[in-house]
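In what follows, chain A forms one complex with chain B and a second complex with chain C.
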Partner chain A sequence: MNGSGNRAATLVLLVALIVIWEIAGQLQLVAGGTLPAPSAILARIFVDRADYWPHVLATLRTSAAGFVIGNAIAILAAICFCVWPFSERLMRGVNIAIFAVPPIALVPVLVIALDGEVARITLAALLVYFPTMTATLSGLNDIDPRTADLISAYGGGRFRALRMVRLRAAVPAMMSGFQVAAPAAVLGAILAEFGSGARWGLGTYLLGSLGRAEPDRLWGIGVTATAIAGVGYGLAALVARMTTGVNRAVTMAPEPPQAGDAEHRMRSIAMTIAAIAFPFLVWQALLVISQLSPIIAKTPLGVVDYLFFSNASAVAQQKLLAALAETIPITIGGMFLGLAIAFVLALIAFAAPTIMNALLPFALITQTMPLVALTPLAVLIFGRGVAVTLVITVSVTFFAAFVVLAQGFALIPRAAFDLVDAYGANTVKKLWLVAIPASRNWLFVAARLAMPKALLGVMIAEWLATGRGLGNLLNQSRGYLDYGMIWTVALVSVLVAVALYQLTYAVDRMTRPR
Partner chain B sequence: MQGLPLVFENVAKAFRIKGQALPVIERLSLDCPSGSFTALLGPSGCGKSTLLRLALGLEDAEAGAVTVGDEQPRAARRTGRVGVAFQDAALLPWRTVESNILVPFEVLGSPPPSAERMRELIKLVGLTGFEKARPGELSGGMRQRVAIARSLATEPRLLLMDEPFGALDLILRRQMNLELQRIWSQSRPTTLLITHGVDEAVYLADRVVVLSQRPARIVADVTIPFERPRPADLHRAPEFHELCDEIGSYLDHSADGADS
Partner chain C sequence: MNLNFNRRHFLKTATAGAALAFTPQLARKAFAASPLTMQAAWINDAEFCGYFTAMAEGDYESAGLDLTYLPGGPDVIPESSIISGKADLALTTPDTTIKAIVDQGAPFKIIGAQYQKNPIGIVSLAKAPINSPEELKGKTLAVPPVNVMSVEAMLKLNGVDAAEVNIVPYAYDPTPLIKGEIDASLDFTTNVPYTIEQQGEKAVSFLLYDFGYKTYNDTVVVTEDVLANKRPELVAWLKASRAGWNENFVDPAVWPPKFADTWFKGTGRTIENEIFFNTAQKPLMEHPDGIFAMDEAGVAANVETLNSIGIKATPDMFDTSLLAEIQA
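Moving on, here comes the complex of A and B:
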């Protein structure tokens, strides 16, 4: 493989895509002209340029603050988890919840509990936290164990080892965490703008323009949001390259870190119970500290009371179950469809390396795109039916899964193929005997990574477009000021996300060849 | 200054794998008097390195006692009188050669060696000119020599070495053996050397201890009679070979007759 050849192929593909897009736009080939030509989009951005500044600045400010705060907390947390593995065990429930939760479900709750701008920054910080925390923690733990022994051998304690060995060793991993975190901060800011009634911000601008039949403006905003996320990624990559001299392709960790220590069974059960209880304790404690009225801010028990013992409980249960019955099947279906498409495409790309080499840079770029934030664009093309939900869910799943699978296929050792080659296997045989069995683990990694994104995609589409399911229930309760339901949906979303996540994990463990 | 005596007294240690205890060392006693040079030989995985880790306080014995001077290992290592070289160099990749040698001083909080002493140390291990190089720019053998310089830098009274020359080729290894003997003769720290090389053990040590397969017991304790300083051509002397053969046979025996 040679780098310049790859770059040329990628460039050709890029130019071809833009030309096709331009032609399709000019001739109004897609859905009656709802896909404008790139030139029209750029022209519209130029026309609207005066409108952009306050929106762009607001989004930038929110994401920058979220980026800084989220990273600071993530690094501190990673250090604590490294120095006291007990704390990681205790926080595991919180970490999985933060990883799996569809962020949009938290927006109304955050808006209730916090001031508008603070709520938006909090969401951006929440999305930043997980990638940086996992990357940093793996960097802190992934050291030459002998160097830590050396520090101990001269009487140094764990803080000495942290200061002299681990912190410095973690810098490259931390930097790659920042690269994932930068676009995540932008996504968080935009999602929060969707749901918080902010006056300024690209999310607000996007929603405000959705009602008007102006595809080129909507696309202009989408392109701008994507560009900001891309610039964030690029800046983080640049800083990483300058400070560590390495720039590796970065993908997000598919799961929270787990200490592999063999625990005593009783202790392990106790820790698991503590890890499950801990998020609820945090929730309760935050509300006690914030001193909000129990009418608008529901504690865990408050939600139980609302859902099971209040006057409204029968109606609430009915609404909730109906919403879940709509949301869960399409989430799982969309995820499977996205995974299947990604798998087939990754296989094709693998069988034809030229395609793979041209495609992979694109796939990597899409990882930095705030895809779900572009839902209004999909609404424009696919309308407000179930189709739009499926399109969004499949595409967020697909892009997340494709990169994992393509990179997974690329990691299969050459020797494995040389062996079957030596017995005269053709391409199909090779795929069947080596590539597909070898990809099993990557498929599960992709599923774990894609699952939360799929749920987010469904809920966003429901919230903004289709008026069905859990996303819609959340939006409605926000409108009706049904505080009990707002908290209930947030809690149920987290529970569903964690349950689905644990389910993929369980299926993985059960079907793992021994 | 006198070497620190190192004493293992009825030491036992087991590892737990999936809840099952796997005894590595069972009731082993070994006495390394002040200023002695002991080499430990034994089959792979027999617990040699565990003994060294016990002496460093990196592991705790489950029974018996390990004493360095008149202190526990964890207290002794804080005095800066214990030096260590591991099997792999364990250098910090972002630090230069010089700066890596300073790591023990920083951990101990003791004043760094003078510039002259640093030059001397680096010359000793043949790395003059590489003071500012980083580990990534050095060969495996050079990295190992940095680790040896680092272990000697604090002028230890107890020197613990876990196959420090394992990564070196034969010529370099003999050269380093010669150097180690020279440095050792100057200051005579108590030394425990773990090695796979019978000839290295015989050439360097006053006493070679052969361990059995896991759980480790002492199967032979051989005193090496050669006068110091030992010349390089001792390697070719017939009595050297006889001794090596004898020890080699104990080693063969320990490897196949573990529980007999």
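Moving on, here comes the complex of A and C:
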């Protein structure tokens, strides 16, 4: 293959896409001119350039701090979970809760409990934690078991295996985590700036600009945010590329044997109970430490009381059930759609990296452009029904799943292709016979990332565009200072996400080849 | 009610102490003045111009206050800031504040009202005007979810069935209105018509207030605890803030440009927009008894309106005694 030729092809395709966008913008083809032309966006950034610096610096500082802190904690946690697998089981509920709790429920609480900048960095770090932790853990665990066998045959313990094999093998996966984490950190910083009354930051600038009905300004802010995230993404991708080749196994390892389920059933049930109870203990403990007023801060028992034993219970239950009935079906639909699109994109990245490299900047925009800025465009094109909900859900789910799947395809041992190559297989055959079966584990990792995000996407769409379901209920209860309902919706959305997450484990186990 | 202010208070004092070490010229003043923190309802715009003017004029300092100003935002619930002790007083919407008093037993008192007439209203395009609740029938109206209850109440007061209006969420951006995707939106009538005119359209609007939904807005709210312990400071704040607003309204076009490089720098909005806003809000704030006034008729109208939507407001939630002190 000719590397510089590929790069030229990518460039041509990228330019072609931008030209199409330019024409669509100039001729006001999309939603009556709501999609501005790239040239108009750049011109507007130039006009506004004096405004940008303090905002960009503030967002850079917040997102960089969140990126570093969130990733450091994520990597340490992944190492703990790998060395002591019981700790992963114990923390699973906490981990998913962190990932699944909707920022629209979280930010008001962070803003009350923490001071300004600390609240903003915390949100960025929280959004970074889960993708990096999951990716790193799967990298640490997904080693060629023969290498670990070698270490133990020579008398090495699990720490030696960690140091000599697992950490090295985990670098590409860790980098794929960073690739998701970079836009997540930027988005976290911007969301927190947007909501928290920060004086500076792209989120603040966005909020002030929203009321102007000037899409070129909003897109300018989005493109700037994407550029910041793109630097982080690009660095992680570079390291991933440099390390993937070194670490790729030459031949495929047999499936590791599964632990016998029966003998550990009792312990397994105990672990599950502990995993469920642990987040509630953490929740209770955080409230005790933060010393918030009981009016604002509901404890687990407070939520139970609100939902079942207070005089508001009947109304609250009715509202909640009605909202869930609207939200859950579309969440499941959105999850599958998001995963399917991620899979197709990952296949494109594998079979035709030229095309994917050109598409990537556009994919990145969807991750860092706050959805509130895209809502007018989305409702003008897709209306305010199921279509807009699915589009928004896909836009928040596909990226993390795509990065994980693409990394999975890239890690397929080279020798695995030799046989089919020898029989003259074309790219499609290669995909069908080798790449797709080999990516099975990665598909479940991707599904685990997509599940809670799908719920989040649906809630955001309900909050911004359709005015229905759980997202709307949350937003209304925020407005009415109905703290009981705010905590209830946050809890229920986490529980739903955890249930969906566990479902992927169950499906994974049931469909695992024997 | 057990509110824990201690940790915050300690942190704030510690931070203030650290800041003072670097700003010796401020030290003398700060030790003499009483600290007071206010939580605004939104980001820096003309809605809060009077407070910026009072700060620029040194009104708080001469009243013996060392004022800290916290801007608001979509995720800042002003009432939460005073419950958590982050701020001493907050600018709120009276319906949420009173709902919190009734439903959650929150220990709040309303001690003043910035807007005599709530500026929220129904905004539509002049080429497809909607001038009354009746004309909303069969139309699509974008409303921020927190205001849905107010809009439904206003419709009911005017004999319009809420089911006949298609209510969708409003997310701060007037583009869908300008493009005709929605027919009208609920917004500050002091603000969004300017934007619409900048985009080459004319806007028409009516206030919910003028159709029976008679509430204040940006009510000045404190906890009972702060009211008991910081009464002199609160009275001083009302007095200084009133002076700032009076000065600001002498000519609404004068003060916003002066804040172009401070309060309004880089907010994403324009100074012309702030002047429009400042001018439009003047008649909604002025009262014969002065800015923040809460006369008997006004309180009664608020109570009646809120009762009509099932929020059990009572006149004793409004404490007019501090205003009486500055009147004297």
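Everything below uses one rule, namely that the second predicted complex is superposed on the first by the 288 of 514 C-alpha atoms of A that agree within 3 Å, B and C clash if a C-alpha of one lies under 4 Å from a C-alpha of the other, contacts with A are read in each partner's own complex, and residues count from 1 in each chain.
Here, a residue touches a chain if its C-beta (ideal position, glycine included) is under 8 Å from a C-beta of that chain, and two chains touch if they have at least 3 such contacts.
Keep in mind the model is a prediction, meaning the values are calculated, not measured.
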item	value
First (chain B), second (chain C), both or neither touched by A:I151	first
First, second, both or neither for A:W219, with chain B first and chain C second	neither
Partner chain in contact with A:W283 - chain B first, chain C second, else both or neither	neither
Chain touching more of chain A, residue-wise (chain B, chain C)	C
Which superposed partner A:W442 touches (first chain B, second chain C, both, neither)	neither
Partner chain(s) touched by A:F409 [first = chain B, second = chain C, both, neither]	neither
Which of chain B and chain C A:Y306 touches, first, second, both or neither	neither
Touched partner set for A:T375, first chain B, second chain C, both or neither	second
First (chain B), second (chain C), both or neither touched by A:G197	second
Chain B versus chain C as contact partner of A:R160, first or second or both or neither	first
Touching residues on chain B, where the partner in the complex is chain A	16, 18-19, 53, 56-58, 74, 77-80, 82, 84, 86-88, 90-92, 94, 103-104, 106-108, 154
Chain C contact footprint on chain A (complex, rising order)	31-32, 34, 51, 54-55, 104, 107-108, 111-113, 115, 194-200, 204-213, 215, 217-218, 291-296, 312, 372-373, 375-376, 379-380, 384, 463-467, 472, 475-476, 478-483
Of all residues in chain C, those that touch chain A in their complex	1-4, 7, 11, 40, 43-45, 70-77, 79-81, 83-84, 86, 96, 99-100, 103-106, 144-149, 167-169, 171-176, 178-179, 181, 191-192, 195-196, 198-199, 266-269, 273
Of all residues in chain A, those that touch chain B in their complex	144, 146-147, 149-156, 160, 164-165, 168, 262
